[in-house]
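The first chain written gets the first letter, and so on, giving A, B, C and D; residue counts start at 1 in each chain.
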Amino acid sequence: MSSGKRITLQQAAEIVKNGSSLTFSGFTIWRRPFALVYELIRQRRKGLHLIEVNGGPQTEFLVGAGCVDIWESCWVGHELYGKYGANLSRKVGNKEILVEDYSHAEMLFRFSAAASGAPYAVTQTALGTDIHNPAYDTLGNAGLRDGRRIPKHKYRFTEDPFFGAGAQVMVPAAKVDVAILCVQQVGEEGTVRVNGQFYSDPEVARAADVTIVMAEEIVPEEYLRRDSDLNTITSFEVDHIVEVPFGAHPTGMFGRYDVDGAFLKDFYTRTRTQEGFDDFAKEWIHGLDHLGYLEKLGWPKMLNLKANTALKYSTGVKRGQ
Amino acid sequence: MSSGKRITLQQAAEIVKNGSSLTFSGFTIWRRPFALVYELIRQRRKGLHLIEVNGGPQTEFLVGAGCVDIWESCWVGHELYGKYGANLSRKVGNKEILVEDYSHAEMLFRFSAAASGAPYAVTQTALGTDIHNPAYDTLGNAGLRDGRRIPKHKYRFTEDPFFGAGAQVMVPAAKVDVAILCVQQVGEEGTVRVNGQFYSDPEVARAADVTIVMAEEIVPEEYLRRDSDLNTITSFEVDHIVEVPFGAHPTGMFGRYDVDGAFLKDFYTRTRTQEGFDDFAKEWIHGLDHLGYLEKLGWPKMLNLKANTALKYSTGVKRGQ
Amino acid sequence: MNKEFAKPEEYGLADLLCCAASREVQDNEIVFAGTGLPMVAIMLAQKTHAPNLKLIFEAGTLDGRPPEIPTSVGDARCEMGASRSSGLHDAFSIAQRGYVDLGFLGGAEVDQYGNVNTTCIGDYLNPELRLTGSGGNPDINSFAKRTVFIMVHEKRRFTEQVSYITSPGWRVRNWPGGETVHRRELYGAAYRGGPSAVISTLGVFRFDEESGRIYLDTCHAGNTPEQIRDMCQFDLDITRVSGETLPPTREELHFIHEVLDPEQIFIPKVKPK
Amino acid sequence: MNKEFAKPEEYGLADLLCCAASREVQDNEIVFAGTGLPMVAIMLAQKTHAPNLKLIFEAGTLDGRPPEIPTSVGDARCEMGASRSSGLHDAFSIAQRGYVDLGFLGGAEVDQYGNVNTTCIGDYLNPELRLTGSGGNPDINSFAKRTVFIMVHEKRRFTEQVSYITSPGWRVRNWPGGETVHRRELYGAAYRGGPSAVISTLGVFRFDEESGRIYLDTCHAGNTPEQIRDMCQFDLDITRVSGETLPPTREELHFIHEVLDPEQIFIPKVKPK
C-alpha cells in the first residue's frame, strides 16, 4: 500500500518555513540530514530556531549560511575534526544569533517530555551550574518567552514531595515545528528502521509537529513489517519520506558509510571567517543538487568511506594524524 | 566470560524476602515468571508488596496463596479466560489485603520515572476520576506512607508553568526491591534479548534494586553481542539469571508458546473460594518442582502450545467456545 | 460483496453491537483497541469502510494488522504485520501526545455524564464486589479525541451515580475538593473531547458536549425509547432519537464469522433455526 | 607482559596522562566515557587492571567493548561487542538512576573547587570566545560517584573563578539566589560524590571532600610543587603532595600504541631520538 508520503528534497525543504523551529536526527557527526540541510541553504531559509539535543556540522553549516536566529542546545563542534563551532562562535561574538544553553541530559529530557505529551520533566542534573543562572536566560532576556512554542520560563526549581529527594529542576518540553531525520531505511508508509545506536531519533520524531524522514533507501513497507520488533519509529509518526543515498555525507551512518573527516576538517579550517564560509558554500552547496554533489565528491572517496558490511564501519578511512 | 550470575530457581526465590516489594515482566497473561512465582508459594513467602504495571494470573496465584499484603496496580484478571481476579476480590472483601489503585498509564509513568532516577512524573491522565480521590489513598489511610520505599503522597496536583497546559497530576516513582523477568534469551553476563513486544520490561528491570531474569535459554553472551542493537536490557542491569524452559506457563511467550487458556480457565473457575485455591495449589504447586510440573502438564499439551516458528504463535490451540 | 442488510434471524446481538461499533470508526483514524469485541469491531472497520485506519494495542503494538484476531492485546498475534512492536511507554506516550482519534472501551457501570466504573461495586472502602480495576480505561479515555463504550444493558449498570469514577465522562470531580466540573475545565491542553457514544445491548447513546448529558440516539430492533428509558436509573433524554440501529450487512457478517472470528472467540454464530 | 616502568625518553606527555587516567579506574566499575583521550584511558584499564569494567558511551552504547578505538561516542565502532546499542534516553536514565561509578571529562577552565567551564571565555553575555557548550559534562558530573578531569595546564585555565560554571564542582551556586553552597547541600538524593581528580599536563590534583578545595597530589616528572603552584591563579594547597606521578609501564605503552591507538588518532607516538 503506498501512502503518498514520498516527496523530493526540494519539496521537503519547502516544508521548513522562514522562522520555523527545527530539529534533527543523529549525534554530533553521525546521521545528520545533510542533503536537506544543503537544500535549505540553497533555498536561503531565514530565521530558523534550531532546538537540538546536541549540535554538529549541520548546525555550523546552517548558522554559517545565516539561516539561524536562535540556537537552543548544549554543544556544537566536529568532534575530532574541529574542536568547536567556529561559525556559531563568530556569530555569538557579533551578536548575530541568540544561544540558549541547557545541559545535554536536560535537552534529552526536554525532548522525551515533548514526545510523551508532558509539558515538562524533572531532573537533578546540572544543579549549581550557570546553566541555571537566571541572568543567563537568553530567550527571556530577549522577551521571546510567549508560552506558546517558547516556554514561559527556561526552567523552574522545585523539591521532591514524595521521597525527600531534594532539589529538582523542571525543564520544559522541547516543542518543534519540524524534525528532519536521516536513517538507513524507511518503508513506503513511513515505518523507520534505524540500525545501530538510535541516539534520540524516536524522541525528536515524536516531539515535532511534522516529521520528515530522509533514508538511504525506501523499502517495501511489508519488508519492514515482517519483523515489527526491529523497527524504530512508527508509520504514523512520519509525515513525509525522501530517498537520498549518501544523504548524511559528510557525517557518517552506521553500517553504510563513515564520517568524512577530511571534508569536515576542511570545512572547520576554512570557515573561521564569513568570507571563508561563503567561499566554501559556493564550492560545495550553491549551484549543485544532491547528485551533482555526489559526483563532485567522486567515486573513489565514496568507496573509501563505504562501511564494511560485516564490521559496519569503513576499514579504508585514515583516521589518525 | 562467565559472570557468576547463574543461580537456581530455589536460590532466586530466596532473594525475595518476607515483606519485599516485587514486580514482574510481561503483560496480563503473557511472559509472567511463573516457575519462580510457584517457588515463592512453595517457600511460603509472606507480606509481599506487589507493585505491578498491570496484574494477571501471577497476582492471583500469589494473592490466593496468602503471600501478598499490599497490591499496588491498576488491573487484575485473566483476559478471555477469567474476567476478574477472584482471589484478590475475595481478599479485598475480607479486608485481608490492601489495594492501591492507579491508572495503567500512571503505573507505567511511575516505573519510567523510577527507571530514569526521577522521583516522579507529571501526566494529564485520569483527571477527575476517583483514582485521585484523596479519601481513597489506601496506603495513606493505613499509615504506611513513610517516604522511603512508599512515597509520602499517593499523588500531588500541580499546574504546568511553562505552556499553560493546565492541571497536571504528579505520580511518584515506583521503587521496588526485586524485579523478576521472564524472557526468551539472556546471555551469561546478563544481556537480555526480548522478542516481540517488550511491554514494560526495560522500565521494571531498571526500577528495581535487584533484577532476576528467568529465560527460556541462557545463550553465549557473545552471540547476543554480535547484534547489540537487537538487545533489550543491558548486562549490568541484571543481577541474577536462571534458565527455566517453559517457565512462563500457563502464560504465553512470543515465538515460543501460547497462553494455556484451559489451565487458566480451570484456575479461575476453581479458585473462587480459599478452599478451591488450596486444592488447586495442592494439585499444581506443592510437592512439585519445575520439571515435575512440566511432566505433569505432559508432552502432548506442551507440543500443542508450542509456537509455530514462522508465525510466532501456536496454530494448534483451540481459542474459541 | 453483498452490502444488503441481513434479516433479524441471520445475526445475533453481538453481531449488531460489533457492527454498530465498527461504524463509529472513520477512515484514516488512529484507534486504540482493547481486548475482545472492540478488537473485532475495529478489524471489521479495517476490512470494510476504513482500510487506512491505524490500530494501536495498549501492550505496545503500533499500526497493527493482525492476520488472525488476537486473544488479548499482549498476544503474539498482534505483532505480525505491525509497523512496530515495542512497549507500553510508547503506546501511552503516543496517546498522551495526542495521536489517538478514537478509543473503544467497556465498563460495568455508566452514569448520565458518561463516567464509567470498572473498579468496584458498592463503597470503595467496603466494596460489595471488587472488579478488575481501571486498566487503561481512564488513560485511553483521557487521551483520545473520542471514546466509545460497549456495555451490557442492565438497569443497575445505567446508574444515577457510579460507585467509583474509574474513567472520566463529561462532568467529573475536581480534586482535591471533589466539586463537579465540566471535563473541559479540568483537562487544559489535554482536553480533546470525551465519550462520544455508548453502545449497549439495547441501543446507541450519544452525549451533548455542552451539558455533558447522555441521550438516546438509536434503538436496537425490538426496543422502544420508553422501554430503554425505563432501563436507566437516571432520567434518559429520548427527545433526540434518530431511529433504529442499522442491522449488520451480509458483508459485515461474512467478515466477522468467516474471516475475523471463525473460532467464535468473541462473537458466537447464530444457529440457523 | 613487561610491567616495568618505561624510561622518560620512551613516552610522551599524552602517554603519561593516559596512564594516570587509566589508573583512576577500579575493576568492575561502570565508567562513562567521553570522546578522545579518556576513551583510550578507559580501554587501557580494560586491557590491564580492570578487565571487568563496563563502558557507557553517551550516544547510547552500553557495556561496550569496541575492538578498535572509536573516533567519537556516536561512532559505529562503539557498538561491536556491546551489550546494547540504544540511545541517549537510556544512557542518561541509567546515569541518573545511579549506576555510574566514574566519569571522565575535560574542560577549558577549572577553579579551586573543581567547577569546570566548557562554555565561554569572558562574560557569558558578552563573551570573548564562545566554546563548544556543556555537552554531557555537567550531567555525567552530576550523576557519577566520581569524576576525573583531564586538562591542558595553563595558568589562565587554573583560575580563581571560572567564566561560567558549566560543570558542578564541590562548592556550587544555589539558584535562583546564587549563594555558594557545598554540593552536598544542593544535590539531595542525587548527591553521590563529585570531582575526584584533575589530571593536568603538570600533575595530578585531588579534592578534600569536606572543604571542597583542590590540592596537589603528585607532580609529573620534571615539575616541582612550587612550580605547579605558580601555574595556578588560586592558592594551590601543596601540603599533601604524595610524590611523583608514576610513569607508564612498557605494557601500557604497548597497549596504547600497538593495540588501542595504532593510528595515532588521539595519542601520538614518541619518536625515538
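The rule is simple: a contact is a pair of C-beta atoms (placed from the backbone, for glycine too) under 8 Å apart; a residue touches a chain by one contact, two chains touch by 3 or more.
Since this is a predicted model, take the numbers as computed values, not measurements.
Student: Going by the stated contact rule, which chains contact subunit A and subunit C alike?
Tutor: Touching subunit A and subunit C alike, sorted by label: B.
Student: For the chain pairs B-D and B-C, which is connected through the larger number of C-beta pairs in contact?
Tutor: B-C
Student: Take the average of all CA coordinates in subunit B, do the same for subunit C, and state the distance between these two points in whole angstrom.
Tutor: Roughly 27 Å, centre to centre.
Student: Just curious, how far off is subunit D from subunit B if you go by their C-alpha centres, in Å?
Tutor: 41
Student: Just give me the whole-number Å value for how far the CA centre of subunit C lies from that of subunit D.
Tutor: Centre separation, subunit C to subunit D: 57 Å.
Student: Check each residue of subunit D and list the ones that touch at least two other chains.
Tutor: Within subunit D, the residues that touch at least two other chains are 61, 79-80, 85-86, 92, 95-96, 143, 189-190.
Student: Please set out, as single numbers or ranges, the residues of subunit A touching at least two other chains.
Tutor: Residues 116-119, 123-124, 160, 163-165, 196-198, 229 of subunit A each touch two or more of the other chains.
Student: Okay, what are all the chain pairs that touch?
Tutor: According to the stated criterion, the contacting chain pairs are A-B, A-C, A-D, B-C, B-D.
Student: Tell me, which parts of subunit A touch subunit B in their complex?
Tutor: 116-124, 147-148, 151-153, 156, 160-165, 168, 170, 172-173, 175, 195-198, 229-230
Student: How about subunit B: which of its residues touch subunit D in the complex?
Tutor: 114-119, 187, 189-191, 206, 222, 224-225, 228-229, 231-237
Student: Taking the touch rule as given, give the residues of subunit A at its contact with subunit D in the complex, in rising order.
Tutor: 26-31, 53-55, 73-77, 79-80, 83-85, 88-89, 92-93, 99, 101-106, 108-109, 112, 123-136, 157, 160, 163-167, 196-203, 252, 254-255, 258-259, 261, 307, 311-313, 318-321
Student: Sort out for me which residues of subunit C touch subunit B in the complex.
Tutor: Residues in contact with subunit B: 35-36, 58-61, 71-80, 85-89, 92, 95-96, 115, 119-120, 124-125, 127-139, 142-143, 164-168, 172-176, 178, 181, 183, 186-191, 261, 263-265, 268.
Student: If you look only at subunit C, which of its residues touch subunit A in the complex?
Tutor: Listed in rising order, the residues are 30, 54, 61-63, 65, 79-86, 90, 92-99, 143, 189-190.
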